[in-house]
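What follows is a set of structures to go through.
First subunit A sits with subunit B, and in the next complex the same chain sits with subunit C.
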Partner chain A sequence: MPALSGELVVFTIASILAIGFALAMVLQKTPVRSVLSLVVTFFGLAIFSIQLAAPFIAVLQVFVYAGAILVLFLFVIMLLNLSQEATEEDARPIQRRLGFVAALALGGVLSGAALRAPMPKGVAPAITPLADEIPMIGRLLFSDYLLAFEALSFLLLVAAVGALLLSKRRFE
Partner chain B sequence: MTGALPGVAPMAVPPGAYLVVGTLLFAIGLAGTLLKRNALSIFLSIELMMNAVNLLFLTYARMRGDMAGQMIVFFVIAIAAAEASVGLAIFVALFRVRRTVDVDEIALLKW
Partner chain C sequence: MSPTLSAALEGLGKIVFIWGVVLAAMLPNLIWMERRIAGLIQDRPGPNRVGPFGLFQAFADVLKMFMKEDVVPIYADRLLHTLAPFILLVPSLAVVAVVPFGSRIPLFGREISLVVADVNIGILYVFALASVGVYGLVLAGWASNNKFALMGGIRSSAQVISYELSMGLAAIATLMAAGSLRLTRVVEYQANGTFLGFLPLWNCFTQPLGCIIFIIAAFAETNRVPFDLPEAEAELVAGYHTEYSGFRFGAFFMAEYLNLVASSMMMTTLYFGGWSFPFLPHAGLAGGLLSIAVFFAKTMCFIFLFMWVRWTLPRFRFDQLMDIGWKALLPLSLLNLLWTGALVLLKVI
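For the complex of A and B:
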């Protein structure tokens, strides 16, 4: 085990925040509170990204996820005026219990597997110094991943048009 | 001061710890997906699961010293943005017709 270091302390705090607020997200009855809990979880994940030498991804996570996507969720929740989850009697208690057991089992099995997996003794040297990360991502985007990048831009356009159409159309 | 850049220093946190946190977040997201009744909350849980997987990608990218993991995460985030816009538009359209987004009430395609 490594000695107690600042990085380990930050990791511990971030993981407690991330897991705690993820649990809060699931346990909250009010959708707005769920979204706000998830914001904290995403900030924890952004801290992990920085620790894993991916600061660009961390910034993307905060801007795109915590910034754009979750704000979109908040807008829709307020638009639909969903203040509460349905409070009447649960029609499917057995299924919910089974779902809880399944999630617990999957979490146990996966984290057990993650703990037992053979880990390389020495970690590979970091990809690049941090300052070179963004130029490197840019170069990769326009060389190795050019087709995926262009397809992605087209996909975003189609999604924007589709969202517009879906929300404008009158359904019978 | 050893002069090592932050990104070049060896990992102080064992990679297994990131993997465990990622899998736990994934399981919490799955629990939310299975237990919630509000379609928006289910969608939110799915976003959490995607982010848990992103964390695993970043961990493996860091372990292997390979840029591909980070590129995949980049694409996942961009696709999640597209998915969120379309998904939320579907919920808005659904709410207009059914006046609810409770998934127990919406069983049109069942059986």
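For the complex of A and C:
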């Protein structure tokens, strides 16, 4: 049992927020509320990143996921006016059963990995935050990981062109 | 006094100072200022009955808001309807934390840096918060269960997403010049140096295009005229806050002015040299106090600009809004990026 510290309190609160709202997202009947629960989950994850002395990752988490992607989700849900989840009976009941099995398998693998992970011996070394990690990230991105970076940007370009093509076809 | 305790006291003092100035000194006066400026521009006196020059008008307005009946529509989503105005309030309050509002002042034997949190991700933090603020408008529109409110909410999300892009691209150019995401660095870079030998090295001189793009995008982000389509009263009654009354409406009102203050502070910091001013000292106690005054004077100038524009220009149509954002501002902000890159490469700035 680790000693009670400010760090532990913050960690506990963030965990409860992240897990609780992740559950709420799945169980919620209204799509808009589901999106909002996911936003809170992302904030919980951002707090973890701050605790790991990685504020850059935390801000990107909020900026990209909560601020951009989920706003688009919300936008689409509101535009299509999905006030309620589709309530009619599933056309393919097998999907639900398969999903249950897949969820159990994934949960089993994850909890197995968590249980078998070696516990750190003694006191974990304190994390010293870097003075300015952003120039380092930039340099790595444009040297060691240049290929991955360019491949990703190409992928996004393809996605954008594809979306444009699909919407164009419908208008004609 | 132990170092931890005095550091904590220093932080607390700065927090109390900056939020005190924004909430207690600026906010009530902005309501009065806006109504007086409206009067000036429309050639009428404006509010002049409550107190000298109508200075206490804001208190009368706030009191009126609190006395009004607070109505929540029956078919509204109660929880989200209540939360929405506060989701809008919090980000604009939190932005103030990373804005350097002065240089440094020596006080009680300590060198105090006049910014609440000098984080190395400063500008990203500001943009992250700004992008979260839009939830307030969208949720207000959705939770009211009213078609006009919903239209307002959808419009605001489309608008904010469109203009955030050009705003971010414009701001990236200022970071390229300063070489850091830290806002204190951005201001220090502008404070120490000259451009072309006689101008201060403010980003508004070195990248005028970026500055104009940022200001236009800031108008759109704060939903002020000419970009107030989310609440266009001629078509949408009152847009996203149609179903709000009493103090909940007051919270929206307050959020609008806080956004105004936060945007003006960002313009001052990124493009107009923050707390610096040519030929004015900013070292020592007197210089430090002077730098605070310079910062707030600049901020007030931008707030005045916002109000001036509001009572002068008509509103855009929605297709015009989208055209400006995607076909004009976005390519121009890329051009500005290229321009700034060339300046940095040629070591002009």
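Everything below uses one rule, namely that the second predicted complex is superposed on the first by the 140 of 172 C-alpha atoms of A that agree within 3 Å, B and C clash if a C-alpha of one lies under 4 Å from a C-alpha of the other, contacts with A are read in each partner's own complex, and residues count from 1 in each chain.
Note that in this section a residue touches a chain if its C-beta (ideal position, glycine included) is under 8 Å from a C-beta of that chain, and two chains touch if they have at least 3 such contacts.
Predicted model only: the values in this text are computed from it and were never measured.
When the two structures are aligned on the shared chain, A:Leu36 is found in touch with subunit C, with no touch to subunit B.
Here subunit B and subunit C are compared by how many residues of subunit A each touches, and B touches more.
In the superposition on chain A, A:Leu79 makes contact with both subunit B and subunit C. In the superposition on chain A, A:Ala66 contacts subunit C only, with no contact to subunit B. Of the two partner chains placed around the shared chain by superposition, neither subunit B nor subunit C is touched by A:Leu147. Contacts of A:Leu52 after superposition on the shared chain: subunit B is touched, whereas subunit C is not. In the superposed model, A:Phe100 makes contact with subunit B only, not with subunit C.
56, 60, 68, 72, 79, 133 are the residues of subunit A that lie in the contact sets of both subunit B and subunit C, per the superposition on chain A.
Note for the complex: subunit C touches subunit A at residues 77, 80, 119-121, 124-125, 127-132, 134-135, 138-139, 141-142, 150, 153-154, 157-158, 160-161, 164, 180-182. Contacts from subunit A toward subunit B in the complex involve residues 1-2, 5-8, 11, 15, 18-19, 22-23, 25-26, 31, 34-35, 38, 41-42, 45, 48-49, 51-54, 56-57, 60-61, 64-65, 68-69, 72-73, 76-77, 79-80, 82, 85-86, 90-92, 96, 99-100, 102-104, 106-108, 110-111, 113-115, 117, 119-120, 122-130, 133, 136-137, 140-141, 144-145, 148, 152, 155-156, 158-160, 162-164, 166-167, 169, 171. Remark: subunit B residues 5-32, 34-38, 40-41, 43-45, 47-48, 51, 54-55, 58-59, 61-67, 70-71, 73-75, 77-86, 88-93, 95-97, 101-102, 104 touch subunit A in the complex.
Contacts from subunit A toward subunit C in the complex involve residues 30, 32-33, 36, 39, 55-56, 59-60, 62-63, 66-68, 71-72, 74-75, 78-79, 131-134.
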